[in-house]
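One chain, chain A, links the two complexes that follow: it is found with chain B in the first and with chain C in the second.
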Partner chain A sequence: MRHIMAKQQQTLLERRYSMLGLFLIAPTVLVFCAVIVYPLISAVYLSLFKIFTPTLEGSWVGLDNYRVLLSKGEFWTSLRANLIWTVGTLSLQIIFGVGMALVLHQNIWFRSLARSLILFPYFISTVVAVLVWKWLFNDLYGILNHLMITAGLIDWPIDYLGSMPNAMISVILVGAWKYFPFVVIAVLARLQSIPDQLYEAAKIDGAGPIARFFDITLPQLREVLVVIIMLRAIWDFKEFDLIFLLTGGGPVTSTQTLPLLVYKEAFALNQMGMASAYAVIMMLIMLGFMLVYIRRTRSEES
Partner chain B sequence: MKHTSMLSQGISRRGALQGLAAATAVAAMPIRASAQETTIRWWSPQAAPAQVAAYKAQIAAFEAANAGVKVVFETTSDEGYAPQLAAAFSSGEVPDIVTHLPSFAIQTYYANGLVEPFNDVIEAIGADDYYEGANEVFKAADGNYVGTGIGNSAANMLWLRKDLMEGAGISDAPKTWDELRAACQAMQKAGIYGAPLPYGRNSMTTLIFIGVIHQAGGQVFDTDLNVALDTQATRDALEFYASMRELCPPGATNYSWGEAITAFVSGATATGIYTGRVLGNVNAQNPPIADSVTCVTYPTKSADIPTWTFNDFPSVFIPKQSKNIAVAKAFAASLYNPEGYIQQLHAAPGHVLPVLKSINENPKYQSNAIIQKYPAEVELMSQAAAGGFNLGYESAKHPSNDKAGKVVGSGAIADMVQRVVLNGENADQVIGETSKAIEDIMKS
Partner chain C sequence: MADVVLSNVNKVFGTFTAVDGLNLDIRQGEFVSLLGPSGCGKTTTLRMLAGLEFPSGGEIRIGDRMVNDLAPGQRDIAMVFQSYALYPHMSVGQNIAYPLKKRGVAKAERTAMVAKTAEMLQLTPLLNRKPRELSGGQQQRVALGRALVRDPKVFLLDEPLSNLDAKLRGYMRAELIELHQRLGRTMVYVTHDQLEAMTMSDRIAVMESGKLQQFAPPQVVYREPANRFVASFIGTPGMNIVDGELLQENGRWIFQSQGFSVDAPNLGPDAQSGAAAMGIRPEGLSIGTGPIEGVVQLVEQTGHENIVVARVGDGLRMTGRTNPDQPVRAGETIKLSIDANKAHFFAEGATGKRLNKAAATSDGPAKSQSALKEATS
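What follows is the complex of A and B.
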């Protein structure tokens, strides 16, 4: 009898703990639903309608938006531009970022100042950064063309933003300049936690600087690079303002990435349903990439 | 008297005036009873410091005359107003009055029930005082007016440097494309290009090229608003535009309004294409060439084709969701009070031209230093703009096109220019695909 009562009390206590747990987790769940689940469901829901953006009134079209967008050449050219931009700028960010982090990890003069200044591109507003770069690239007054003409390297100004492949290269370079400090910060933090004994042991074994980088530094950076690549790939894939302000997606659609296409559908053509369909497709592409990426990195680790 | 008939059927001038007066009175009474309770928001993409100062003077005058009313001025941009307004309309948090947007943008909003009819405001301003036909572009399919012009603009004037023309042995301003091309070739020399035509993927390329199609004798839509792009005139326009490419700076492939005016004002190009804002900018930023600057309407393919001036009809309109429609209407009408309106026009002399005859004839308006320095140019722009058109209203025979804003926003015409001129794609195929894209927009 006593045993049964104890069990009942325990159950009651457990129930109360469960209630308390639910109560404590409820705010998080609510916030999660409000900022993640609701917009996600809303985007999928909107993509099934034909909607006029300013009024948000529309009619049910089912999967028609998806059928139309997948049959449009513009989707595929934008996806291609999106992939070129993402792979190009991300690769440069990683190369510049790791390189700069290695330099800043050395015992150089003004190291603290250099570490602060390196963050400047990342902190500066994209609008300001783009204005500065547009002036640098300007055909009539830009310093780049001016210096190259003065040095006798070119006779006529180079059209950096209005012709291909210059436009894509310029956008990729500006993107790499803007975002590589993020890689520097993350890699530098990891570099500082690599035990010196590893390098000392390698030196004793006769390893040179290159061998030490590939055999010690890079493996030690692996985990942080996996996270950096994942985060930056997501952010770069959905980058909008930098590309929109630099080229507007041109020439023609050469630098028009999927986010620019979403913007065009939503606000230039006032087709919010179609824009949502593009956004959902973008999300699925990213999801697919992430699943493959995480699975591969896990299998390599194991 | 002709303009009285412009108002939609069923609303007489007297009725409209009575309605506006009553609405204003009703709106004014609670304003006085509950001071500091009415705030109206004014959006405009025109944000040059002198213009903003003029707007603030108009706001101060209105607030002084209407105790308890506060007007807040907020800027948007030519390329950015569409998303901002879309967000405002969909959220219901709309500005109470919007100015300086092109007329074709308002027609789209009105067709979707988002804009308040403007008939009574036009009557309050004085319909007879407008230049003939000035409000036709704002007439909707139901006969109502969706807004009115706050000014006229002649967006595609050809700007010339008389000193460079003289140096190149050119005596007369070009009237045809061949003459323009020859003049640009003659004036293009080290450091100076012939022209700053826009080839960018933006609205300027679209708007300027629509003018070029008309200057070839063509049109984008026929008078039944069917797409009429697949014509010899469009092919000629593309051929002309391609032939001018070598006479423009390399970066013209990405030019929009800012780059185009800067190129001419700085002296980097021998000709320019812009509104009358050039006059103020040249005098302020490059005085040595100020005495050599003049303008003409943009040349046409041949002398027998009439000129076609692009006037985007900078407008005033009131969103229907505004909670202060009566006050907004009273404020809209007050923008045309001579003192404030003249100050507003003087903030960008020649750029925004008066829509009211009485203002153009007003000695105070004419007394501006820039207007006095360039009387022939300002008069020419005034006439060209008053007889101007845009994609929402391609000719006097065309009905209002409430999908014009979407066509411009889609960038289909700028894409056509880029594909043919920059990519060298087959013009016939590109024109066909562009026509199809515009047809799809018209059906959507």
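What follows is the complex of A and C.
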């Protein structure tokens, strides 16, 4: 009854508040349109043309770009590389991240120092980090090969970045190293908010350390892990700089993920229309991630 | 037979002594409250019994076992936490079943035991709900259910009622008493609420600064407080405590304070001349006639009685009770008298020992019980 009344007559104050609301969100909406909606629409639009990048001259081809790309082997190998990279690096980030968060949650010495140091890979610029790793990995002068040969683990230097599957493994490892601190911080924040009394109750109920991890810690981390996995999956899926700088997609195209392929089409092969078509496909795949993510968060709320 | 024994138990956190040389003998089936202000060591004591805290010294026995080196899960105890500590991702049924599951009870048997416990606590319709969908009182009952389900030797309860509203607290208090009578299990109950301790316990252990002050049945704690701390801590409104001096005159003891003196008829052999304190409960103070003059500062009306706070002499505040029909107003000058037979005398100091003869008071337990109810209601 009251609900209907409210709909019928809105007071002046209420109307003023809604005007104020519109006024306050307007800047965000405008910026959002300028940097997200416009490029998105143009990408879809451009993907329907055959465009020569330097001159930006093009001709209408309709859905031809999509037909070509879906029938090309390169798209599928890149998608495969992209999925291997995403799943591989994400799993390692989660495993190391949760493990490290559990360690840092304990009362260990230098805990606060360790907590700051752990963020180091995440803070450091990707270019710098990759250059350091490239030197570590270098097959002739790299310290990794040197140490392993000195330790007698290998007889010959390993080509970490120039052969498969080494290159993919190296990229995945560097990605895990670079981004696991994000998982550590998010998980640690959640761990600290789990009430101690739950663990104490479980101890009294007869649960050992392993049972306490699976019956309390893990269920309590579930929600935050869902969010972390979704976010990192999206970010890792479209990761460009780290892979591009480390291997450039090589050897040949074995670590060439979709973002690298988009870049190659647009600026090496000068096919802006084709690149846009790849980008749109990528977006559709990520839209899949997004839908899962949104449904997830919705069901958590209800 | 003693069921839970603490012998000379200490607990030190860094430089802070939380529990200091505690000795307690708790009999089988007894309901014992650990009562004291916050920081007195009562919760630490309970946590040491549970095995969540390790004693720095001394010995803890449960039943015939020394449990100092046993993990909480092996001590055959159950604990109810102040925050209930229900597992949020498990349903009510799973919460109650958890301790059974961890002890390897078979599924069919588990289900039957959970059903029985749920019925006893009227939780049957809620078994599939999650804790966050329950009210405070329901969560409380689930926490109890999780403790009850495996029939432990000793129940430990850490201020279980303090998160409930006043009405529900009164109800749960009665439920707990009934539960204790039905189960006949040893229960150790931590509280800072004297009303809970007084109404539920067989014996109360009053603690302060990590030390046991008195361990006795509620009526004894109320009528014969072992020292000044216990006297001032138990009773609402609190006992009036007056500093003064004990003198011996013509073979009888007299307590003298600012502007008035009282006979001290029941002193025991420990009494000495010199600085001492007298305690008198508000019901031992009669208002209307008497040798002491005071100015009424405050009258609190509770409905069935008025509580009168008066200033006597130089800033001393005395609290008494009057019938609500007796007209007393703030600012009035009134006469007071102290019933010397109801007075308690304590040696000097915050925990000065009681100096009265043992079992000094003459009124029977029934009367004191009713006085107690008034005092705490």
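Following the convention adopted for this analysis, the second predicted complex is superposed on the first by the 265 of 302 C-alpha atoms of A that agree within 3 Å, B and C clash if a C-alpha of one lies under 4 Å from a C-alpha of the other, contacts with A are read in each partner's own complex, and residues count from 1 in each chain.
Criterion: a residue touches a chain if its C-beta (ideal position, glycine included) is under 8 Å from a C-beta of that chain, and two chains touch if they have at least 3 such contacts.
Computed from a predicted model, the values in this text were never measured in an experiment.
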So if we stack both complexes on chain A, do chain B and chain C clash, or do they fit? fit
Contacts of A:161 with chain B and chain C, given as first, second, both or neither: first
In this superposed model, does chain C or chain B come into contact with more residues of chain A? B
Chain B versus chain C as contact partner of A:206, first or second or both or neither: second
Once both complexes are placed on the shared chain, angle at chain A toward chain B and chain C, C-alpha, multiple of 10 degrees: 150
Kindly classify A:264 by the partners it touches after superposition: chain B alone (first), chain C alone (second), both, or neither? first
Where does A:229 make contact in the superposed view: on chain B (first), on chain C (second), on both, or on neither? neither
Once the shared chain is lined up, is A:140 touching chain B (first), chain C (second), both, or neither of them? first
With the two complexes superposed on chain A, say which partner A:149 touches: chain B (first), chain C (second), both, or neither. neither
Once the structures are superposed on A, label A:285 by its partner contacts, choosing first (chain B), second (chain C), both or neither. neither
When the two complexes are superposed, chain B comes to within a least CA distance of chain C, in Å, of 51
The residues of chain B that touch chain A in their complex are 82-83, 85-86, 89-90, 108-109, 112-114, 199-202, 249-254, 263, 266, 268, 406, 409-411, 415, 418-419, 422-423, 441, 444
Any idea which chain A residues touch chain C in the complex? 195, 197-198, 200-208, 211, 215-216, 219-220, 222
Going by the contact rule set out above, which residues of chain C touch chain A in the complex? 50-52, 71-74, 77-79, 81, 83, 85-89, 98-99, 102-103, 146
The chain A residues in contact with chain B across the complex are 52-56, 137-141, 156-163, 247-253, 263-264, 266-271
